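The following pair of complexes shares a single chain, chain A, combined with chain B in the former and chain C in the latter.
On to the complex of A and B.
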């Protein structure tokens, strides 16, 4: 009779971790860990292939949720209380500045990491069959991340927030026919005001995070179902192209249930429903030797990535404060008024042509991103065999960065071209 | 590689812990806590016995704030400035020094920042004193703090701050409104000054600007009015007091200070002497007001001013729509009014004007009120420099009738006029005649023209 041991065993039912059975059970008896396979191949965790960007993005999201909930205890989405709450966070709430800094810098970090993650997936060709749909989910998550960052931008209710959102939503209003209506719907009025603050708040703390959580679940699920984490297949043994076979439902021949490659290494049974060959990128018997248990191999690496992310954000937050300007003042327009930095490329385009830059180009860019896996019919993932795709994507990335850098650093009063090292006196 | 992972894991965990502790240390050692402990130590020294000493020195270390919903402020200055209301701290070092002459503006009711400026919400020195980016109201330098009186006491005389009334007078007589809007009225050549006291409070800049507009703002079209130092100081005070901040009734109720001087001014403005007499001097229509404050209570007099018919049914005295403090001021004046006052008022009154002269006088007043003199000169002599306009100066109006017909002048006032350029290649002249048709009634414009014509050399017939 040992109540403590009984309690422990009622929570943790696995065998000791010293045994292989215990290591496996740690994964598949645990609701939080069972998204992992019990055993993984080492190449999945090659730093120089994935750079752990997906993990880091997810960890930043976790930091954002944690700090965000803490910040919600101190925040009222009203004018002018919202701004006063920012000041209270800055001056009287214990750890308030640290919390806000962590939230702010993680948010910027997440936008950057989600973009880098997308680049990595493109350059490694990881969006190709069978991962096409997961790329689409990923692009949607990228857009949701921008939405989260944009809605959060307004909440401090200072000049920076007010004018960034005014400019940002103006970009959207250039869409023909529906543009101004959409802007009105988003802001709850014709300009940024108290109802816009409330709408952005609800979107920021409830709607968008829920969508991100749901899509992240789909994203992770599909990572497992589509063959696990991406790995540099072209550097490994040449993948033998295997013919596909259609599996029919046993009770109803002719009704296709799944299309799988006809590899010879393994068969599986899907609980009396279908029988057939395994899905893609499964473990062949020769490769079986390379696998290791997820505990501790994968978990240590993930934990190190998590700790590295958290410590970086904490270190940055200790030394750099999140910006807070004056109380939002609709009567005083800063010159130039700038959108959040990740939309400055768009603002730069809009300054040349409102319709083209504000609607056509970004609309086409998003459509093109979503369609990439279906347009790219080249089956190879070997970089040498997909030069065109890599050149095209690199051009897209470079143009984006150049436009953002111009919009951020090289635009002065009146949106005139001013290098950052030139100081314009009298500019407010 | 496998052996590195646990080490990396351990090292990063430790780093995270250290960073967390650093953040907690940073958050729990603000400067204000040290100030409070220092202050409690100082207080304990003055206590007679050990029990009192320990009671004082163990007082809670906490943020002290005054919530001022009526001023839309929260002032936390008392967190460090602990001795402000403690007379024994007269010679204590900063920030514990006693603040003399606080009454009647007690911090519990007014806070600190409404007079001193600064950022009341802040709890560290730099932010609290407002000397940081993105805070519009840094602490006012000592010499200019009195300007803040005008933020609440917007009219009449403020005892001890003659600069405010003088600044206001200069603003209205030197035609500032011709270019600057204030509370919705005025031109648009210069910036709107309604929020000047809340927007950019750099008194030395303002004062320098009044003395030499171009010295501090090279592109400013503002003419040099050759103000004296005292005048520049008065105008600076007035500017610093300009704010349309919303204030609770407790604060907005003291717009005017009920002084007898202001009461006398009101007595003249409201033309009381037309019906009343004081000590037999004046009109016989209404009652004689000598000693009226002794015969009646203040409440009775106040009621009489609000609603005369209620006090004396059938009274012919009109009900004057005056605020509480204006009535108090008037009553204060009545308590001291003598026949001499009435005599000086009567002698100061202008003689009755003929209809034509009245129209000219009305034109002259509009001319002054809407700030025409700002550019055309106090004596209408012109001469304000206006680069790249023909002649390089704003034209004099003393000879308008020689160059224009009256209809043409009326048209220019109505629609405005951009001066022809001396050199079309150079930038346009900064000053121009604004259009007045949305500000002035047609009748007022005609009267201004009449006034201008009345100034012309007599040989002109019109």
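On to the complex of A and C.
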């Protein structure tokens, strides 16, 4: 009797990893790893197809949860303690500035990576049937990411926070009929004050992260259920009409049990009693040779992506500090008062018209994003066959970037158009 | 099926009726719960400064240049001939605090560049409405009293 071996075997029940069975069991006997397939196609590792952007986004979210929980130990969502706590984090708390920097820069990174991930999925046509719904889940996750950034922005309770949220929630109040009611619900009052700080805190640390976790689970699940990671275009076979053959039941010739493609393939069927058309995944022998075990090939690459993400965020956090302005002062609006950079495109629109730029245009843009997989009925994923879609989406991306650049670099005091190389004396 | 069982069995019509009633009750419960959630999130008490407040004695204010009260976000104008008027310092666009510029006697918003004339009307920029003017009265103790709940026309003046 060897209690240590018994204990180990009660935890790890798989065969040794030197065997193929062990490699498979590592994946599907493990609650954390079983979201992976036991074997993956080699082509999924191709950097220039996915750029690992989904993984990186998820890893940034993990960093945000970890550093966020750490920051919560030293933060009180009250005025003016919130700002005092920020100062403590900046000057007193061991590793405080570093953790705050990591949290801030990962948040920015997550906004960028979610957006790039969305662009990647669009340009590779990976939102097409049967992945339409997962695109919708992805757009919702993008909106939640922006919501998390927005609610997190108020928490330092400095000038930037106060005025960014004042402007942001006032944009919401232009929504027809429910606008001012919506703003009151969001703020728990008629202006940005104590109750707004508490509400945004609860949204930021509990409500929105839970929703992100739930939707991320759906997102990952659907990746598997919709046929795994999308395959690079250059691996797609030209659509061919494969002849079908009917397979008879072995014991009862003449009783058809399935209709399958007549090629020298292995056909895996869902061997259960179901009504309707049976579901088959056909894997050619050549394709099967193209797969490798997730352990160690996929896990190693994911670990590298994780390490690279964490290292990059840490390196950036060592050298650049997250900004913290003066204590929030409701009486004095900084000039110019700017929202966080990812909302500056929105602020630029709003500076022309609050209703049109703050509600109508962004509302339609979100609806259009959500509807893309259903509006785009073109089944082809090849760029040459979907020029119109690519032009439209590129226009959307370019307009976004141009608006953000104008708002960030070309807007001076009083929101006047000022090139970044002109210095205005006396401007704050 | 015996006669007894037939009597006890629910017929198709009453099953559907009960089912429909049950579904209706379920939807009603969901609706009421949603309403309750919204009501729960709407504070019953606002711990905010009152909308009407006193701002001191008329003698505290100089003629000419308006006085900006930061806490209340109002501009107090005092004119030798016309008397007192109180303008809101909150931009009607997105709620930033405007500044008053003596040079061109106008209000400028730092957020999106709205400019209001001295009478509060929009000169240019994205602001959809003129700045608000609030009722100002003389309280019994001789102090000026401003009521932000009472918006008055820009021509409103209090002679003291």
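Methods note: the second predicted complex is superposed on the first by the 378 of 428 C-alpha atoms of A that agree within 3 Å, B and C clash if a C-alpha of one lies under 4 Å from a C-alpha of the other, contacts with A are read in each partner's own complex, and residues count from 1 in each chain.
Everything below uses one rule, namely that a contact is a pair of C-beta atoms (placed from the backbone, for glycine too) under 8 Å apart; a residue touches a chain by one contact, two chains touch by 3 or more.
Just so it is clear, the structure is predicted and the values come from calculations on it, not from any experiment.
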Combined model on chain A: chain C and chain B, fit or clash: clash
Chain B versus chain C as contact partner of A:129, first or second or both or neither: neither
Partner chain in contact with A:76 - chain B first, chain C second, else both or neither: neither
Contacts of A:307 with chain B and chain C, given as first, second, both or neither: first
Partner chain(s) touched by A:13 [first = chain B, second = chain C, both, neither]: neither
Touched partner set for A:224, first chain B, second chain C, both or neither: neither
Chain B versus chain C as contact partner of A:350, first or second or both or neither: second
Chain A positions touched by chain B in one structure and by chain C in the second: none
Chain A-touching residues of chain C, taken from the complex the two chains share: 38, 41-43, 46-48, 70-71, 73, 93-97, 108-113, 126, 128
List of chain A residues in touch with chain B within their complex: 80, 84, 87-88, 90-92, 94-98, 158-159, 296-297, 300-301, 303-304, 307-308, 310-311, 314-315, 317-318, 324-326, 426
Complex contacts: residues of chain B adjacent to chain A: 2, 5-6, 8-9, 12-13, 15-16, 19-20, 22-24, 26-28, 63, 72, 74, 76, 121-124, 127, 133-136, 217
Sites on chain A touched by chain C in the complex: 163, 166-167, 170-171, 184-185, 188-191, 193-195, 330-337, 347, 350-355, 413-416
